[in-house]
Amino acid sequence: MDNVMSMAIDLMLSGMGFVFAFLIILVFATTFMSKVVVRFAPEEPATPAKTTPRARPTGPASVDPDTTEAIKQAIAKYRSNHKK
Amino acid sequence: MENFSVLWTGSGLANLSGGQFVMILVGLLLLFLAIRKGFEPLLLIPIGFGGILANIPEAGLALSAAENAIHMAKPEVLAAMGSALEVPYNAAMDITPEVMQSFKEAYKNASVEMVTAANAVAVDNGYSDGMLYSFYSVAIASGVAPLVIFMGVGAMTDFGPLLANPKTLLLGAAAQFGIFATVLGAALLSWTGVMDFTILEAAAIGIIGGADGPTSIYVSSVLAPHLLGAIAVAAYSYMAMVPMIQPPIMNALTSKKERAIKMSQLRAVTRQEKIAFPVVVLLLVVLFLPDAAPLLGMFCFGNLMRECGVVERLSDTTQNALINTVTIFLGLSVGSKLSADKFLDLQTLGILGLGLAAFAAGTVCGVLMAKAMNRFVKEPINPLIGSAGVSAVPMAARVSNKVGLENNPQNFLLMHAMGPNVAGVIGSAVAAGVMIKLLG
Amino acid sequence: MENFSVLWTGSGLANLSGGQFVMILVGLLLLFLAIRKGFEPLLLIPIGFGGILANIPEAGLALSAAENAIHMAKPEVLAAMGSALEVPYNAAMDITPEVMQSFKEAYKNASVEMVTAANAVAVDNGYSDGMLYSFYSVAIASGVAPLVIFMGVGAMTDFGPLLANPKTLLLGAAAQFGIFATVLGAALLSWTGVMDFTILEAAAIGIIGGADGPTSIYVSSVLAPHLLGAIAVAAYSYMAMVPMIQPPIMNALTSKKERAIKMSQLRAVTRQEKIAFPVVVLLLVVLFLPDAAPLLGMFCFGNLMRECGVVERLSDTTQNALINTVTIFLGLSVGSKLSADKFLDLQTLGILGLGLAAFAAGTVCGVLMAKAMNRFVKEPINPLIGSAGVSAVPMAARVSNKVGLENNPQNFLLMHAMGPNVAGVIGSAVAAGVMIKLLG
Amino acid sequence: MDNVMSMAIDLMLSGMGFVFAFLIILVFATTFMSKVVVRFAPEEPATPAKTTPRARPTGPASVDPDTTEAIKQAIAKYRSNHKK
Amino acid sequence: MENFSVLWTGSGLANLSGGQFVMILVGLLLLFLAIRKGFEPLLLIPIGFGGILANIPEAGLALSAAENAIHMAKPEVLAAMGSALEVPYNAAMDITPEVMQSFKEAYKNASVEMVTAANAVAVDNGYSDGMLYSFYSVAIASGVAPLVIFMGVGAMTDFGPLLANPKTLLLGAAAQFGIFATVLGAALLSWTGVMDFTILEAAAIGIIGGADGPTSIYVSSVLAPHLLGAIAVAAYSYMAMVPMIQPPIMNALTSKKERAIKMSQLRAVTRQEKIAFPVVVLLLVVLFLPDAAPLLGMFCFGNLMRECGVVERLSDTTQNALINTVTIFLGLSVGSKLSADKFLDLQTLGILGLGLAAFAAGTVCGVLMAKAMNRFVKEPINPLIGSAGVSAVPMAARVSNKVGLENNPQNFLLMHAMGPNVAGVIGSAVAAGVMIKLLG
Amino acid sequence: MDNVMSMAIDLMLSGMGFVFAFLIILVFATTFMSKVVVRFAPEEPATPAKTTPRARPTGPASVDPDTTEAIKQAIAKYRSNHKK
């Protein structure tokens, strides 16, 4: 029994220590990564070029965002009403 | 007629034990909570239904072929099983409760080879694995279902708010204290003689404090499979109860002024950062904690599919058909562990109590960490977002937002709370990795 | 060149047996019926295609590794297999047809342990399980595919019409007489010496009368796996032929006046009733027939997901991606049982004949039951809806409606017939449970 | 052979008996359940409150049913024409 | 504290070998190519990610339970493994690198029975199969994942252009010379002593020239599983590089005038022809090449589901949820073969070089075949569509179209090139069948 | 080694031979099949009757192709914009 207690304390200390260590390193790594990205790979301006690698099955550019939004809402509505 | 007597003696009504009756009520309760109260229905409906199925008398849906053969206790079959399992029994002996018990014990402690042999004997004699047992083997014993769900969760997670304010990762770290406080609590119950938990069991119970379903199921399937049912039920139930558990704690630990702190709007995060983040997490896992690789690896993989923008069809399937399918079978499999003899135990009460303590402790530490950080950072943090560090995505973040709005109707904390909220997912996966490394 | 002779001696043209040729034609016929005549295409296309694949000479797609090794009959491999299967053979002996037969018999009757050993020998010698054999093992031998499809069917079933008029459950009960009449018919053929069926085979054939694909496949996989191909083909073919089989019987058993009976509109059913119904069915299964738990449990689970309204994403996946995926592999797996040596047998003719009788008997009893009920109930029932009790959802209900309209163009029976139609699904699952309990 | 015949008769009697017994009980249980439900949990009026527990992914209330119906038909049409 | 030292000695940083470091960089490179350069992202993202996971030190994600137990090398466990694998070792002996090597060799060469026993020992001692190893077993070792993907590809393939001009099948045949030229090249490297390939390995490498992912994976899983990682990476990478590899060859082999040949519009193809075509292909497989039955059977089945028009829900699932799910696990499984000790080998360099040669040779033969055919047919063929015969659907057809437009802005070759393009898929499946027949 | 070389040559000869043989037979079989189909099962005229055996979930005929095309594009657009 005593053994379980001391193992639990050990587990808590090493566990919390490790969790904090890992996430602190992650804070630094993330911050560093963001700086590198912003420096070396600045976000391309929002032109069609930006989305080249993105899979665009068949979508032509002729549908404006408002229509898209309307369809989006309609579909959401449709789906929430469906199969009731 | 003979047939009618076979049907009657094999019916549930003639065989229903008290424990099974209680567990069927528990299953119905879970269904009620899920349907009427909205308690995590995606999991609790399959779990509750699976729990009822697992307790159907004589159906043996949650038992392996060998367990079914032992339960049926035909002398000649038992004799053959006995030689496979090294139980001293021959067909001429009486089948006393002690004999049955010794068979059950022998099967539970048997080596893989003996288990295989016993099941081969059972199948040769016409028994087969129960449906839920098969689901459990494929979905959970193999470890695959929680990992696939974690991949799906990764594909549904937006790390944008976290990337905009990476220091909120520390809130996700602090809230993991709930996990280890619970381990300590379980050990304390053991030490004081109230209950009896091994360190493996204590650790598996602690993970409830991670407030993350698949992580809880994964860890308990590795460390303490016999507690899996109770742990999963506790984890999902308390996650559903986050809006009741957290607000009083948050209000007690903070002043009105702290709760009204307004946080500045988050900066925009570029697509490249979102793509790089799961890779960064993966590389840290590679360097520091290989034992978290299955959980965090699948999580990061799902997130990379989401963010990279070139595999949208894979990402869509991961977030829909795949995660839904796996959720159904995961839930039913968890339900298979709600059989009366495994669930109706003093340990379950302990697990339910400790699970509640775990959520409370995690909330406390998250809020206190936020207050502590305010002494060091220049841009103040509203401590209400600390509670979101327990994870329970996205419920805990919504609770932060709601309590914030009660104190300052102009203060929208939702996006700020999403940072620690998803950090909590990473944090508990790291904690899971540590526990599996040290105990597994 | 040597290579060309290997290719030639291994080609289909050089090895095609008459039986395989006939079975390939049967497969093409099933495809034709499915595509051109619309005969249950969702199942008959995979079954037909799988049937052709199973009969490709030398490909061995429907055989296990050990069966493939036996078929190839290399002396040294056979010798190793012989020691695993306890067949007295050594590599110096001639490989006569009798030797081959004794290996096939030994493998068929071997214990699980011997089968495992024989397959290990085969894999060590470079043989592997055929593709369709693997599909069959995973999808059907494990029992999982019919159960998952039943879950999907549950998620697609609306019990509203049944709840509005629960006494139509009795029509679903009566129509199950088709099942047991067929069992009796098979036994009669056996008794008179025309054919030779065991009681297990008779029961498996009888379930065709349930007019329910997954139930038929599930029962025959448990009671008589070697007849599964013929039973599944008969079940789905006759279901497709319901519009031809039923109307003459319905017209013969009813008067013009009876057929014109107009039924009052069904009452509205509340959402709560629909949620409670699958739970009620489940509880009755718990109390009275644990052996129907796998089938009815999954069915009720699917229906609860559909009706509870809080797990729509699970319900959607169950009704679409999941059931479609399982249907494909179930169909191919059934096709694997259409190999010439299993299908081209006098028994298959018996099965096809008895299956037709089963549908007819079920229809007769459903209609007569409706007429009988009219003597006791005050609100008269149009006996045309009795035939829908065989299930074959929703085809049989549509037939009731169509015959009804022919007699009274204002009389829409569709919704009224849906009650007995879905009752028939429950009824045949109950019958399946009884047969598995008493014989399994 | 005789044995198969008598077993089949037994199976028929007990089978049909059980099927009828089960479904008759189900008739009563269903009728009883319906009464209980109507008594203790009357259907809530068809207000938005009714659908609270129902998962409504994102659907805003601003799309009217007619639009929904139009979209629904359009989608059905689109799907039936697709991949021909 | 002891725990910290356990965590440190088990961390990646303390165990990362040079080979693992390099392979993680390779994995990152594949991710980069997939995301930024659009190199076959659907496969290369899972493969690259899986490759990183497979090289996480100490995590053992790509190892079986027994391999993990051997790697951990606890004396008492090794002793038990030794008796299962017939390695002379007892717990008192030193664990030298030679001992470790002898265990690894023994496991690699063990019979199925010994492998089963070794894994049972490992599981009894708390080891388990790595996640990626499990995925590999289920997805690739069983052969099922490439077959299901091939079914999906069949369901996405329109044979219309091929049916309108069946003689373009010959272009698909000619381009398969790439496969066999590569086999010859690998043999030549072996003969000259530069590298060492067996004929099985040479054949598996050759299939890269088929320019068809699932076919490559299927063949190498049968003939040379240890090369699967390198072969799959080469196959998908070169497929992505088709727009770079092919145009120079096409321009070098054709005159300006040939490239400007305008082809007349394709005739309309009826729905019945499209339905009959997969059945015709299947029947030819039945008659002439049973060993191509798994690949071509599933391909034709997918195509029949697509075209028959009565099972659209099955076809939809096959083309979406099912193929996406399988792609994810296939990719991760392939990644499991990118572990340093398997991939960082001189053979991999040979495979990459030969793969490039294979694509080039296939392109050359396709173009030359088109030129040769122009001597015999009256309606001239633009030789640019010959290159599409390598398959790499639809990339190679697009390349034909693009090069064509550069020479004649009015000349749209896309539909004409789709004929040889899909013919190439059939052609390489036939070649795969021949190689499996003669060597498998 | 020499053995590998000669096996590779054998494999190439028999492999290319078989591939060509198979695909040449397929050319003839396909051509023959097309003739048979055109002869005995001429394509039905492009009326609704043609699509009878095709599963049409719920799609009524009242939505015109233009609307379908618009929706199609809108959906494609929506999908390509979704989850950025």
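Going in written order, the chains are labelled A, B, C, D, E and F, and every chain counts its residues from 1.
We adopt the following convention: a residue touches a chain if its C-beta (ideal position, glycine included) is under 8 Å from a C-beta of that chain, and two chains touch if they have at least 3 such contacts.
Treat the numbers as computed from the prediction; the structure is a model and nothing was measured.
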Chain whose average C-alpha position is farthest from chain A's own: C
Same-residue or different-residue interface between chain C and chain E, half as cut-off: different
Maximum centroid distance from chain F, chain identifier (CA atoms): B
Cα-superposition angle relating the copies chain D and chain A, to nearest 5°: 120
Whole-Å gap separating chain A and chain E, where each centre is the average of the chain's CA atoms: 31
Intercentroid distance (Cα basis), chain E paired with chain B, Å: 37
Residues of chain D touching at least two other chains: 11, 14, 18, 53-55, 71-72, 75, 84
Sites on chain C at which at least two other chains make contact: 3, 7, 35, 38, 283, 288-289, 309-313, 316, 320-321, 434, 438
Residue ranges of chain D touching chain C (in the complex, touch as defined): 1-5, 7-9, 11-12, 14-16, 18-27, 29-31, 33-34, 37-38, 41-43, 51, 53-55
For the chain E and chain C complex, residues of the former touching the latter: 111-113, 116, 142-144, 147, 275, 279, 282-283, 285-291, 293-294, 297-298, 300-301, 304-305, 308-311, 313-314, 316-318, 320-322, 434, 437-438, 440
Complex contact set, residues of chain B against chain D: 1-4, 7, 35-38, 41
Chain A-touching residues of chain B, taken from the complex the two chains share: 162-163, 166-167, 169-170, 172-173, 176-177, 179-181, 183-184, 186-188, 190-191, 193, 197-199, 202-203, 270-273, 276-277, 280-281, 284, 288-289, 309-313, 423, 426-427, 430-431, 434-435, 438-439
In the complex with chain B, residue positions of chain E that touch it: 3, 6-7, 10-13, 15-16, 24, 28, 31, 34-35, 38, 41-42, 45-46, 49, 52-53, 55-59, 61, 117, 119-121, 123-124, 126, 128, 131, 134, 320-321, 324-325, 327-328, 332
